[in-house]
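Each of the next two complexes has chain A plus one more chain, namely chain B in the first and chain C in the second.
For the complex of A and B:
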């Protein structure tokens, strides 16, 4: 065991202790506080699990999670299959579109769909105009609307994990079934799908946890009876009412516990049946099929349908950002640049903040992530699995848990919360696993003999890392870097608790503008601006990595 | 009457010709091996027989029934069993479920399924392991599961694609004989793909040697080793000395000819029955290392005797390997370990005309 590695691991543990363990323990402690006294106890929890309202929100959230998972699965399976297997012209651009929501801010979708599907939104007005309906149909306000919006947002996770599964199945597994006499559909049910189960579950658990994290969509749709929204309202609106605040924190802790429990359960199951079959003597391309003409047309229709839904987001936001008072009309009639004029005075600061915070978070991510990946992949330092475990666990924590715990923890003893550095620190902690996994997989692909050859040639460890490992890793890590940046760029769940006047980021600006009085135009203009910026970022990396799909969603497909 | 007939089979992948109009006939109960270097089209041929690949041209007839000419017959309807190179034992199903997968699709009665499964499990020596998952089996055992699965439906034809290539050397030797024995006992017509000549020679009734999409020679192991059709076959199977030269004179009424090489003006050789070479053609006079006779004293024979120097000797226990330098040519020799030569020693070579072949 080299001393350098031990020292490095020690440093990483210190960072983890300060940025993860310390603040999260504060959250737990706070949830045991009893208002009006200095005592601790479990009375908050007892109240939570006795109160019919809290129990209802809990059940609602579970139901929403299940509904979102089922919906994304039903819509995701065909999409993933097409993506992985069909040879189809224009597939790349269509899949890129259908997977777009992953880089769009979640709230952007909500605004756009309210304008389009709302009570007097475009669709209802058009349908009434042509006489198909008499009264507006409630497309969006309610449980079904939530399911729709959250499903569209989470669809890429299911599609990407499933299609990775379909691509990686050794073709001979299916051919063997074909020889044994199984028809195409039966083969799919008995062989292809079960073999994808592990990768599906890895994506599925992320989808399932989203309703435990997303407080904003229910809030905007006026559906507050879900755990994260209730927690948010309790904590953010009632900071002075200590009891409500503690109850909010209890809700956050309960959500976190549920998330972590489910996450670990899924992880164990996946570990247990990883089908890393031998894969010799087959083409790495997998099984690309030339679909029949009918199937081909259906595939196009299906992909275009989803792509149109996704494209509604930037289109509607774009239209409404250039208009004023777009209500009771299918399309805006009064065009103006006023919205942009207004945000021009506010936004430079917000843009600067967004770039600054995301950039600093990214720098932290790289400085921490690369050594962490190195320790986990390449060394035998004791406790490295625990390190990996804790970092990966951050995937399961609701953003709100990070935000609230930072606010609690970095107030008195370590007063970081009074400095803007708290913002990038929190973003860094929250998104750490994304970067680590990316670095991790690049490291796994980097053949150790390349490094050993350098060491044999007389280069020291550090020299080898700088001149061999880093250049080779950077190529693979680059996509991870940009994804990390985009994720940090659109982050709101954590930041909303930590920002102070002058630290607003663009997502916070959008939220505030909406919150201030339904100024859709201004919020839309900001959201549209964010989408444009995100797009430009994506274009830049797609130039670098040569593939839009890979650029946007990491390289775990290949 | 051949049981499997392949006629003018042709298949390309993106302009690369994988198999180039090959013809093959496989008799009932025979085990035919497709042997050849990597990329020569063995797997593609096998997959065409299985119906996993659709050839552009040609036909395949199995047991009198056309697979292509009268409409494409899908794999399931061809009465074949197949063992894949990587076993393709489904990892999410137990051994038993793997084996009975195809039987269940045929909607056979439960008892019959049980009995068939028990019979093949016994046959491949896996009885008692039916409730294991594949991940709990060794490579060799997984291979046996694949074999059992291929055999359980009593297929008319068994197809095996390098079934042993993922196993370690020792197990490979063992399983060779086991598979041969099994196939013989069941009297099942089989096509076996390998690039290992030793494996091919042990296991096959006949071998079809393939080279870049063509079948260059078909015959039993002895034919192919002793009477290779051309330089490629001779080189691929066993070792061979190739001495570039030109035919100077044919011996009338005999399958013999004189060849001029770098070290000899007139080397008497046997014409291979496959060769159509005539005078002035550039060919290779070829002899196997073990057929070269080396003596310290001048031999009795009056023809094909040469004087040379020994170099690069290697002692391999039961064998002795060395080269004899004749002018600028190096002749590889394999001798019994009992002879004692030294490097640098001058010796006489006799290239027996009956063992010296003309190959092109």
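For the complex of A and C:
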């Protein structure tokens, strides 16, 4: 084992210690503090689990998670099957559309749906006009609305994991079932679906955890009795009421523990039950079916239905960004460029901040991620699995936990939070797994003999890396770079706790303009601008990687 | 070809990063600074920023960089200032009514300063304080706590506009009212205080319990309430700053102010924070804010101006676009010529118990909202059954006594579970007395 590798691993561990372990331990310590004294104890936790209100929010969150998982599964199974199996014209574009929510900021969807599905929004007005309904229907304000919005946002995760599962099934299994006389549907239920269980679970757990981290959607819809929203209110609205703050932190810790526990459980289960077919020679594409004409039409209708729902987000936001007021009329009637004038001339700072923070975070991500991937894939440094594990765990951590812990940890002893560098640092820590996983899988695909050849010929490790590995890794890494940038660009849960006057990013600007001012049009214009930027970036990755599926997923479907 | 595709995004991303890095550093060089913290709306902050920067440039030949921090309603802003301790991140506390500024004063977080045109702001109005005699805080934009309603939607639902606080309890408005929690919004807190002080604590809480049963839902702030009402999601929005209706109307929403029978003045005020990092610029700003130019920018920002020597009609002629909207909204030529019914408001009491009131509302009404509603609905059902039975000349004495007990348990004790139980017993007594 070379000393260089050990040194490198040591450096990475120091970064992890400072940016992950140190702040998160602060969070845990804070949750044990007892207000009004210097003592520590578990009384906050006891209160949390005895208080009927907190228990209710916990139960609500669980119910929401279950409802979202069930909804995404019901809608996701047919969609994934169509995507994985059917040969259809225009599949690529429809696939891209149904997967779009992954890269859209979650809050953008909420604003769009409020405009479209609100009581005097487009849909209700149209329905009333044609006389189908007398009084407006409440489509989105309530539990059902939350389920709808969160499900649409999380649907891609289920679809991607299931379609990966369907693709990987050895066709001979299904053919065997059909030979034995199982009908198409019966074969699907008894053979295809169970074989997908491990990959389904990988996506399912991410879906299930989302209501434990998403505080903003419930808040915008005025349904705040959910764990993350209550935590946010306790911390952000009551920060000098120490007891309330500690209770909020307890709520954050509880949701983090739930997230991590379920995440690990799913991971273990998936690893234990990975099905491996013994046969060789399956196509990498999996089984492709040419559907009958009726099925084909249904498949199209279904895909278009989902795509339209997704497309509503950019369309509605786009329209309202050019209008000042859009309600009581199916389409806006007053058109203006004023919203864009305001964001481009009066508050260009937000756009600048967003690019600056995400860009710096990206630089950190690359500087950290490439060596980390190298250590994990290419070396036998002790503790490399633990390194991989901790970084992957950041996927499951609620953004609020990162934000609050950074605020606690970097305020007094290490006063980083008084400098804007805290923003990219936090974004970097939060979005790290996105880059690492891409770099990781590209490293796996890079044949080690190329590097060995270079070293045998006398090039040093660094030179080998620069002239051999890096150029070959570039494609995969680039997808990771863009994904990382997109995810950092739309981050709000962490940033909202850390920003100070002058550090607002675009997501924060959207939130403030909508929630604290009457500026719906400006918020819509910012959201639309973000969607456009994201779309351009996505276009770049899809050109580079040639595979929209993988681009949107941002990892190798592990 | 491949290479070009690859290098393009990298170059773009990197160049953006460097571009913004460099522009950030140049921006920070040699500029006067000013920081505001407070709950005023974006539109006002933008109007004031515009007005003051151009004034500053003209007068001092330098540009001034203004940062505005608005973490939430005034209670949240106040908390922010407390969290800063002795090293505030801003110079001026911009906005919020007397209770907030009285708290700032009590805690010693603001210092006195007498702006140049201080005398042009009245000292009090209908018995309510408009500025601090010791120059600690001064009102720059007065308004009245009102409610808001959506004319279009009420008409669609064939409902009349409620005129008084008691009107809001009418069963026809059930599910048509929205308001926020007092901790999230200073205006809502003020509305709760109005009800508590005008009716007495016991009757005040009773009213608030009954009102909670009328709600469609709780909003997350008073701006949220404005949104929800303007968009017609819920037709009546409670606890609104008076000028919200004016601004929403200007933007084309079919909403109107609803001046309730009893209300208070909120003297949206401004104060200089202790240990302000840019005290000098802060004082220049305060002088400007009360000048005619500053006051016009207040109105252009969607707030009413505070000086007593102004006339909207005159400003209208001078091209102040908001003046005509203000005239229409107020039905008067200046704010101070309004005629309203104020309650006798005990500012000291309000300042002293504001935390307690917020907490009580949250724990006793908000957190038990589901139980509260199901309890009241049952009581009402049983009351109706008793009324029907009575009209059929049945003996309902025992049941009537029990249901009265249930109402008392609900309204005055706030014991919703016991009230529900008593109502169920009353129903049983009705069947077999």
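A few comments on the model shown:
To be clear about the criterion, the second predicted complex is superposed on the first by the 538 of 558 C-alpha atoms of A that agree within 3 Å, B and C clash if a C-alpha of one lies under 4 Å from a C-alpha of the other, contacts with A are read in each partner's own complex, and residues count from 1 in each chain.
Just so it is clear, contacts are C-beta pairs under 8 Å (C-beta built on N, C-alpha and C of every residue); 3 or more make two chains touch, one makes a residue touch a chain.
Since this is a predicted model, take the numbers as computed values, not measurements.
When the two structures are aligned on the shared chain, A:170 is found in touch with chain B, with no touch to chain C.
Contacts of A:459 after superposition: neither chain B nor chain C is touched. Contact with chain B, but none with chain C, is seen for A:191 once the two complexes are overlaid on the shared chain. Look at A:237: by the touch rule set out above, it reaches chain C but stays clear of chain B. Once the two complexes are overlaid on the shared chain, A:446 sits clear of chain B and of chain C alike.
Contacts of A:355 after superposition on the shared chain: chain C is touched, whereas chain B is not. Ranked by how many residues of chain A each touches, chain B and chain C are led by C. In the superposition on chain A, A:180 makes contact with chain B only, not with chain C. No residue of chain A touches both chain B in one complex and chain C in the other. Within the complex, the chain C residues that touch chain A are 5-6, 8-10, 13-14, 16-17, 20-21, 23-24, 35, 41-43, 46, 67-72, 75-76, 79-80, 82-83, 89-90, 152-153, 157, 183-184, 217-221, 223-224, 226-228, 230-233, 244, 247-248, 251-254, 355, 367. On the chain A side of its complex with chain B, the touching residues are 170, 172-173, 175-182, 186, 190-191, 194-195, 197, 273, 275, 277-282. Touching chain A in their complex are the following residues of chain B: 43, 50, 52, 74-76, 80-82, 84-88, 90-92, 101-102, 105-106, 149, 153, 161-162, 165-166.
Contacts from chain A toward chain C in the complex involve residues 53, 114, 118-121, 135, 141, 219-220, 222-224, 236-241, 324-325, 327-328, 334, 346, 352, 355-356, 359-360, 362-363, 474-475, 478, 481-482, 485, 500-502, 512-513, 515-520, 537, 540, 543-544.
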